[in-house]
Amino acid sequence: MSGYDLDAGDAPPVPLPEAKRSRLARWRDSDLLANFLRSKTAMAALIATVLMVGLAFAAPLIAPQNPYDPAQLDLINSNLPPIWQADGQAPYYLGTDDQGRDVLSAVLYGLRLSLIVGVLGVLTSGVLGIALGLIAGYAGGAVDTLIMRVADVQLTFPAILIALVVDGVAKASFGSALDVGPLIGLIVVSIGLSFWVQYARTVRSSVMVEKGKDYVQAARLIGLSPPVILVRHVLPNVTGPVFVIATINLALAIITEATLSFLGTGLPETMPSLGTLIRTGNRFLFSGEWWIVAFPGVALAGLVIAINLLGDWLRDALNPKLQ
Amino acid sequence: MTETILSVRDLTVAFDTRRGPLTAIDRVSFDIGRGEILGVVGESGAGKSVTGSAVIGLIDRPGRIAGGEILLRGERIDNLSPEAMRRVRGRRIGMIFQDPLTSLDPLFRVGDQIVETLRTHTSLSAKAARTRAIDLLAEVGIPAPERRIDGYPHEFSGGMRQRVVIALALAAEPELLIADEPTTALDVSVQAQIITLLKRLCREHGTAVMLVTHDMGVIAEAADRVAVMYAGRVAEIGPVASVIAKPHHPYAVGLMGAIPTLSQEADRLSQIPGSMPRLTAIPQGCAFNPRCPKVFARCRVERPEPIPVDASRVACHLYDAAERAA
Amino acid sequence: MSAYVEVTDLRRRFDVSKPWLNRVIEREPRKFLTAVDRVGFTIEKGETFAIVGESGSGKSTVARMVVGLLPPSAGEVTITGVSMTDPRQAAARRRLRARIQMIFQDPYASMNPRWRVGKIIAEPIRAFNLIQGEGAIRARVGELLGLVGLHADDSKKYPHEFSGGQRQRVAIARALASQAEFLVGDEPTSALDVSVQAQILNLMRDLQDRLGLTYLFISHNLAVVRHMATRVGVMYLGRLVEVATAKDLFAAPRHPYTRMLLDAVPDLAHVGRARVPVSGEIPNPIDPPPGCTFNPRCPLANDRCRTEVPALLDGVACHAVHEGRA
């Protein structure tokens, strides 16, 4: 009788919403939202994330300069310090680099690029991992063994190494003169291939639990085919943990992209992401132009921390055992 | 009646939620005498388990005792400090839960768990405690207790585990035993063994028992008196034979008719329309009034207080002298 | 091919071995659990055949094999003459599929909680392409809800907005949606409160009368079985030990296990009954006793019972009965 939580057995049930409430109204009353409003960290993290995403996508509107347009760069304005230092100049609030590129603009555009690559990478790895996890969990037997052994082998390599290999193989076959579009695609695929295992494992174990449950048996008796049962009935019931992994992996994907770019296999200097900015700025760290590397670094760290805190909160909120 | 061991007076338990407090137990009163088994029966949501937890002081946040008193041999225990209540539990009140596996620590030998209880609550030496533990296991019908005392819980079958739990609960010779669905997880044939054991031990030790269950059959066989709960209130309380054979409260009448029995064939079971109200929507007046076949105007506005009818006490306006006269 | 459902020599083994590597290292052979062992019975159209048994008896495994959710290890199930296992009859089986449905113990677990009830009930209609057109489907869903005692407007609600009994009504409506004529209920009321259980049992009997349904009813509750069944099969450790009409079985049980079970059930008629409960518990099904599996608990067991498995003759599988010793 120790654990009298509100929805166990004879204890009073959690008050359920009345009939005919809209989804929105039910969500507004849900425990997830109440939990969120109680957690100051989660609120701060969400505000920070939304702010950075908003700034990144408003970059063309608010940035003083388009850093991708060589015509807008002027060598006369190169290596200017931030505005609060002696030589700082008006539109370049965070200074400029050796090409005369405004650091603030470069950070905003870079943030946007990092987010796009991160989100696409998470989507790719998610779709791949969920599909393989569903198949492995539902089919079982040899199919399951094959998929999960591949996953085990892949887990023994660091994600960044896999990404580097994919990247290297692709560049060796297509030549390094790839256009920016395909280059982003390549990085997304590299990230997708390095992160799918976690989704596959989580989804597989959830599916193995779910497929024994009565609602799946009932669906089988109705005569639905396995793919329909998987997508229509099982998938919606295993999304909780997937959502948590996706949030935390978004931060990891952004870091992976930054690392690839830092190592020089990612995005080019003409179209810098945060990682590229840190790599190029790194060269000036010891010659005194610290701002070229510091501000992209702060932006990257801030974004990753905010997303991670959000993921942590979500994991705790969706895990009843931790409440 | 013999000496009263447990006396519950107007017990009220509320759960604080984001939408305000919900009353789970609403002014519940009953007594249990020495060596007596009181069955507390009700459907899910009736509040029977919450009542049990309130008596042993295990109401967890966000629940709280919002009113009334609980007296153990005339001594209030509902307002004791957690530390004092912990000493009462185990020493003066024993507990048996539904799932014997979760009430035994899987990493300890069953003997060690009994010895630990004995040494916490009595002044027995380690050696004497072990001898006493073997006696207890023998008393609850564990074969070869001097050997089984060193077994781990997973080495016992379901019924044997529940016997160990009973030995553990009775180790410190408590005055009161709270048994919450003690036979629900067991097979029918084992259920009967546990009921018989429980009855025998309580007679022999003079322990008062509060037997919480949803199974009217178990109550019929084990209990002396029964309290039928509905929506956090006691609808009817009285000697088990009369409540089963001649229930008074319309809910109790419906409940007895709804239970299929082995002894008589009924073409249709009598059914009570609707279901137990949620805590958020307990009706005005008598909580049973929307489902009651004999409802009248007064039931919708005024909550009935328990009144003596024959050997029972019934909370129903039908039995009010004024209504009878009318 | 006279009976509606014919089950012959049905067997099911489960592989409960440890993983291959562990077996090699620990030098252990593969282990099998025989959940169902040579079970055979028939069900006539329009009757209720109940299988009763305690945990580990294999009754649910039989149910799952009959509806085709679990392939048998050996033996056959034929329904209206169509084999549920023979690959050559796959086309006929697909046509049969819609007419066989199952009602599960926990109605909430058998529904997609994110779907409205209307969509849940309409799913089999769409899957089997029974009715074309949204309007016609909606009308049919409303009709089905009315049939089980709910309102057509309830189709807009989600499963969690219903009480347990109402959810089981929804589950029955879904089972009927595919125009099923044979329903297999796996403990359909054991998760429900007694007053609600009475509603569902009455509903199932009404529907049987109105629609001419055939039921296979799986339960551990003898009183419920007595109320529902025309004929009863008693299972113990994977084997059918007795088959008889409900009337005969409850009036004059023949197998010693059936007698023990009937004697053990706590019942309303047994107020304060003192009795000698049967000793022992159900053995581990992985390692069942040789001969008749009930022999270690049977008062009539002799050497033959300990070595030779009794065949089901004349409705009883017991050497003592066959030899006239009981």
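A, B and C label the chains in the order they appear, each numbered from 1.
One rule holds in what follows: a residue touches a chain if its C-beta (ideal position, glycine included) is under 8 Å from a C-beta of that chain, and two chains touch if they have at least 3 such contacts.
Here the structure is a predicted model, which means the values were calculated and not measured.
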item: Higher-contact pair (C-beta pairs counted), B-C versus A-C; value: B-C
item: Innermost chain, where centres are averages of C-alpha coordinates; value: C
item: Whole-Å separation of chain centres (CA-atom averages), subunit A against subunit B; value: 53
item: Subunit B and subunit C: spacing of chain centres that average the CA atoms, whole Å; value: 32
item: Intercentroid distance (Cα basis), subunit C paired with subunit A, Å; value: 49
item: Junction residues of subunit B - those touching two or more other chains; value: 44
item: Interface hub residues of subunit A, defined as touching at least two other chains; value: 16
item: Residues of subunit C defined as touching subunit A within the complex; value: 64, 67-69, 94, 97-98, 100-102, 104-106, 109-114, 123-124, 127-128, 156-157, 160-161, 171, 174, 178
item: Residue ranges of subunit B in contact with subunit C within the complex; value: 43-44, 157-160, 187-193, 195-196, 214-218, 220-222, 224, 240-241, 244-245, 254-266, 268-273, 275-276
item: Subunit A - residues contacting subunit C, complex; value: 16-20, 213-215, 217-224, 232-233, 236-237
item: In the complex with subunit B, residue positions of subunit C that touch it; value: 54-55, 163-166, 193-199, 201-202, 205, 220-224, 226-227, 250, 260-275, 277-279, 281-282
